[in-house]
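In what comes next, chain A is part of two complexes: it sits with chain B in the first one and with chain C in the second one.
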Partner chain A sequence: MDYLLLYSNCVLVKGANRATICDLQKGDIYPVPKLLADLFQEDRALDLALLKEQVQDETASWLLQLIDTLVASQLAFYCNRQERKRFPALHTEWLFPAHVSHCILDSATGRLDYFTESFIAQLGKLCCNFLQLRFFGTPAITHLEHILRLIKDAQIKSVEILVPWNAAYENAHTYAKWINEYKKISSLICWGAPSTHVVIPGVEAMGYLLYTGEQINTATHCGIINQGLFSTNITTYTESLHFNSCLNRKISIDVQGNIKNCPSMTDSFGHITDTSLSEALNKPGFKRYWHITKDQIAVCKDCEFRHVCTDCRAYLEDPEDACSKPLKCGYDPYTGEWEEWSQHPMKQKAIAYYF
Partner chain B sequence: MIRRPETERQKIIDEFLDWLDAHRHNLPVNASTWTFQLVEKRTVAEQELVTLGKYNAQKARSIPFYKPYTKIFKF
Partner chain C sequence: MIAIQSHSDEASTDDVIDWLLYLGADRIKRLNGNVSLNKETLRINNDSGHSSLFGELQAYWYRRGYFTLDIPDTGNPYPAVTTYFEKEYEYYTNGTAHFLSKQHSINSFCDNHTNKITNLVEAARAGLLIPDTLITADVKEIKAFAALYPRIITKAIAHNRIAATIDSDTYINIAVDTAIFDRDMIDALSAEQHFLPAVFQEYLEKKYELRIFYFHGRLYSMAIFSQLNEATRIDFRKHDRETPNRCVPYQLPDDLENKLRSFMQRIAMNSGSIDMVVTPSDDYVFLEVNPVGQLQWLSGNCNYPVEREIAKFLLHDQETGNRTTENHR
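Let's look at the complex of A and B:
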């Protein structure tokens, strides 16, 4: 056999210190040494004869062993020169049939009074399919159920809800009732709970009920980067090649009712009481972060996780630089080590700036 | 004669067999070897479908978003 060829759904992402092969179909990430990654042509095909020419004895046999592991893990296969042409690379175009893909609504009080039929119609006009409601105060049962009923018949495909954990709601089985009754809830996250655990494990990423002991009482909690939040699929991968993987096609309303790209950002494009979502969206500057890709961001551009890691532009290591690394990431792609971001000495200035 | 099921509860089958007897001339020759079972159709509640939008799209299950909405707590 002449070549080792990666399957089209398995993409090689090279970092400063090592590389990853991301299986976008199965959702798995495999780290691979840089030495091996550099031998791939067009990031897909490895010429086996060339490998034996370029790499000497022990290293060559180690690499060949690694290659066998890649084949056994169904990431790549052996083929000859003619066969190689029959396996084109993955098309990297990203198309999403919506002006806005997802919307975040924050509430400090537990009320979202602007959430009416006409607001749902505005979301429908933008073809927004995914919604996140972040309550930093407890919503009344009738109020949240009214919102959920509006969502039920709308174009919204799924909604993620964060609410403060409440003992009375728990005792009345309110959370479980919501999950059972409103099938568009992808996850209901109750923060400030006595313990952290999955109460109802969803089916196919829908209908989760999660309790977390963390206190998520302001928008400043957003922006965390960790491995558990990596998203290994074709849509995220192709979006991150061309657009910002957090802010692209996002619209938000902060606790004061200001329409923004992200609730944690300072730029407001109007108030929900006097500006429509499409008016705000079309104002100059709204989409300013949409085209900042991971390949333009300091440090991230050298990270092997950059196309499965969703970005954050609201909290930056250097608040003055729009292309600075996300503040809440503790990964160093030059050493391959994770550490607690908030303890890092280099980040203390930025932490003082934001919090 | 077609063998009749013994249980009285098969009244419906009896009715059908009577009809068969009456229409033998129109039935295949092996009709007398047929056996019958009564299968009751239970009324199963229709699976509740989720409405996904204005084009009457309905699915058994809704669709999750393909990436984290916001990264607000550690999974």
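Let's look at the complex of A and C:
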């Protein structure tokens, strides 16, 4: 055989210190030493004859062992010269039919009075897929159920809800009832609960119910980056190649009713009482972050997780630089170490600036 | 009006509609499940055809479901009369399906009647390799055929699945998968045994299988490395949940693409999913074509814009229109 070829939905992402192979079909991430990663032509094909010529002795047998592991893990296969051209690289176009993919609605009081049929129709026009409702105050049962009923018949595919934990609601099994009744709820997170645990695990198209002891009482809790939030699939990967991994096609309404790209940002593009979502969206500047890709962001551009990671442009290591690394990421791609971001000495100035 | 005939829980239909809405379509009619034609009118003349069902029909996509006619129960005691009505209406629904297939359309109900045997004949005529195939109930013939190959398989002639509603609470759904016909079983057959004619084929060793979605002249191909998982070696439809088969984009040789186009034109099917295998000696062998195959599996694993292109076709998007004129019948 002439080549070891990576399956085209297993993509090699090179970082400063090591690389990863991201299995976009099965959702797994495999770390790979840089030495091996650099041997791939066009990041896909490894010429086996060349390998034997260039590398000798122990390194060669170590590399051959690694190669066997890649084949055994079904990340790559052996092929000949003719076959190689039959296996093209993955199309990198981001295929997502929506003018707005995500919409975040924040409420300090537990009310979202603008959430009416005509508001849902606006979201429909924008082909909005995902909705996130973040309640920092407890919504009345009737109010939230009214919202959920509107969502039920709308085009929205799924909704994530954050609510303050409430003893009376728990006693009445209200949360479980919502999950069972409204299939579009992908997750319901109750913050400020007595303990942190998964109450209903989301299985087979059912939403999950999570209680967390954390106090998620303002928008400033957003923007955390960790491995649990990585998503290894073709949609995330292709979006990250061309667009921002958080803010692209996102629209939000903050607790005051201001229409923004993200609730934590200062720029407002109108108030929901007098501006339509599409009007706000088309105002100059609304989409200014949409095209900032990981390849332009300091540090992230050298990170082997950059195409499966999320992003944040609202909380930055250097608040003056729009292309600075997300503040709430504790990963250092130059050493390969994760640290608690909030403890990091280099971040203290930015922390003081934002909070 | 863009009319789409499907089921309410058909995911690819949802995906295409998402693209239609994104691209600005405003008049979409989705017909789900059994669609009664009782209240509809079909008009045919030399200028154009009209069907009040779809108003001014801009495009039509058949995905699932069928047309019916509700025959009122008048307490008629003569079964022959009922049979007469049923026949009469079957011709009407088939005629309607034919009418729709002549519009700017993708697939039609008539494609469900596609015939595996006919298709093998036409595939061979189009220059494609096909597996050696025997259809018989004659035990002597089966034994002679089995002696030619290391292994043979057997499969259904018409449908890979039996799905039927028995009564209001019983529904059967039996998968009739392709199976190896073991040497022991063949040897055990006696000449006096009676069964219905079945299909026997040489078993093909495969490097990988190909799933090719054909749509008005375009081909989107995917290689399936089913050999990696023992459970799916014979028939990859028996899906292995734990370790899904590796599925990646594949580029067919040009001459093979042309043969497939010519094959699809011969069988007059403007869209379908073609199954092929690539043997260890790099032969491409045609197995069968299904009119309404799975789309998400193919477009999702290969990142092909299949759903968008279907939507653009339905919208008479310029680019699509030009490329398909050659195939217009």
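One rule holds in what follows: the second predicted complex is superposed on the first by the 352 of 355 C-alpha atoms of A that agree within 3 Å, B and C clash if a C-alpha of one lies under 4 Å from a C-alpha of the other, contacts with A are read in each partner's own complex, and residues count from 1 in each chain.
Methods note: contacts are C-beta pairs under 8 Å (C-beta built on N, C-alpha and C of every residue); 3 or more make two chains touch, one makes a residue touch a chain.
Bear in mind the structure is a predicted one, so any value in this text is a computation, not a measurement.
Student: Can A:149 be said to touch chain B (first), chain C (second), both, or neither?
Tutor: In the superposition, A:149 touches no partner, neither chain B nor chain C.
Student: Please indicate which partner A:7 is in contact with in the superposed arrangement: first for chain B, second for chain C, both, or neither.
Tutor: It touches chain C, and chain B stays clear.
Student: Check the residue A:177 against both partner chains and state whether it touches chain B (first), chain C (second), both, or neither.
Tutor: neither
Student: Could you let me know whether more residues of chain A are touched by chain B or by chain C?
Tutor: B
Student: Counting only touches as set out at the top, which of chain B and chain C does A:95 meet: first, second, both, neither?
Tutor: Second partner only, chain C.
Student: With the two structures laid over each other on chain A, which partner does A:189 touch: chain B (first), chain C (second), both, or neither?
Tutor: It touches chain B, and chain C stays clear.
Student: Would you check which partner chain A:52 touches, where first means chain B only, second means chain C only, and both and neither mean what they say?
Tutor: So A:52 meets neither chain B nor chain C here.
Student: Just chain B (first), just chain C (second), both, or neither: which does A:81 touch?
Tutor: Neither partner.
Student: For chain A, which residues lie in the overlap of the chain B contacts and the chain C contacts?
Tutor: Overlap of chain B and chain C footprints on chain A: residues 155.
Student: Touching residues of chain A toward chain C in the complex: what are they?
Tutor: Those in contact with chain C are residues 7-9, 25-26, 74, 77, 82, 85-88, 90-93, 95, 97-99, 127, 155, 234, 238.
Student: For a test of understanding, state which residues of chain C touch chain A in their complex under the given definition.
Tutor: Listed in rising order, the residues are 15, 18-19, 21-23, 223, 225, 228, 243-244, 246-253, 282, 299-305, 307-308.
Student: Quick one: in the complex, what on chain A touches chain B?
Tutor: Those residues of chain A that touch chain B are 101-102, 104, 124, 129-130, 132, 134, 152-155, 157-158, 160, 162, 183-184, 186, 189, 191, 203-206, 212, 214, 216, 221-226, 228-229, 231, 233, 235-236, 239, 245-246, 310, 312, 328.
Student: Within the complex, which stretch of chain B touches chain A?
Tutor: It is residues 48, 50-54, 61-75 of chain B that touch chain A.
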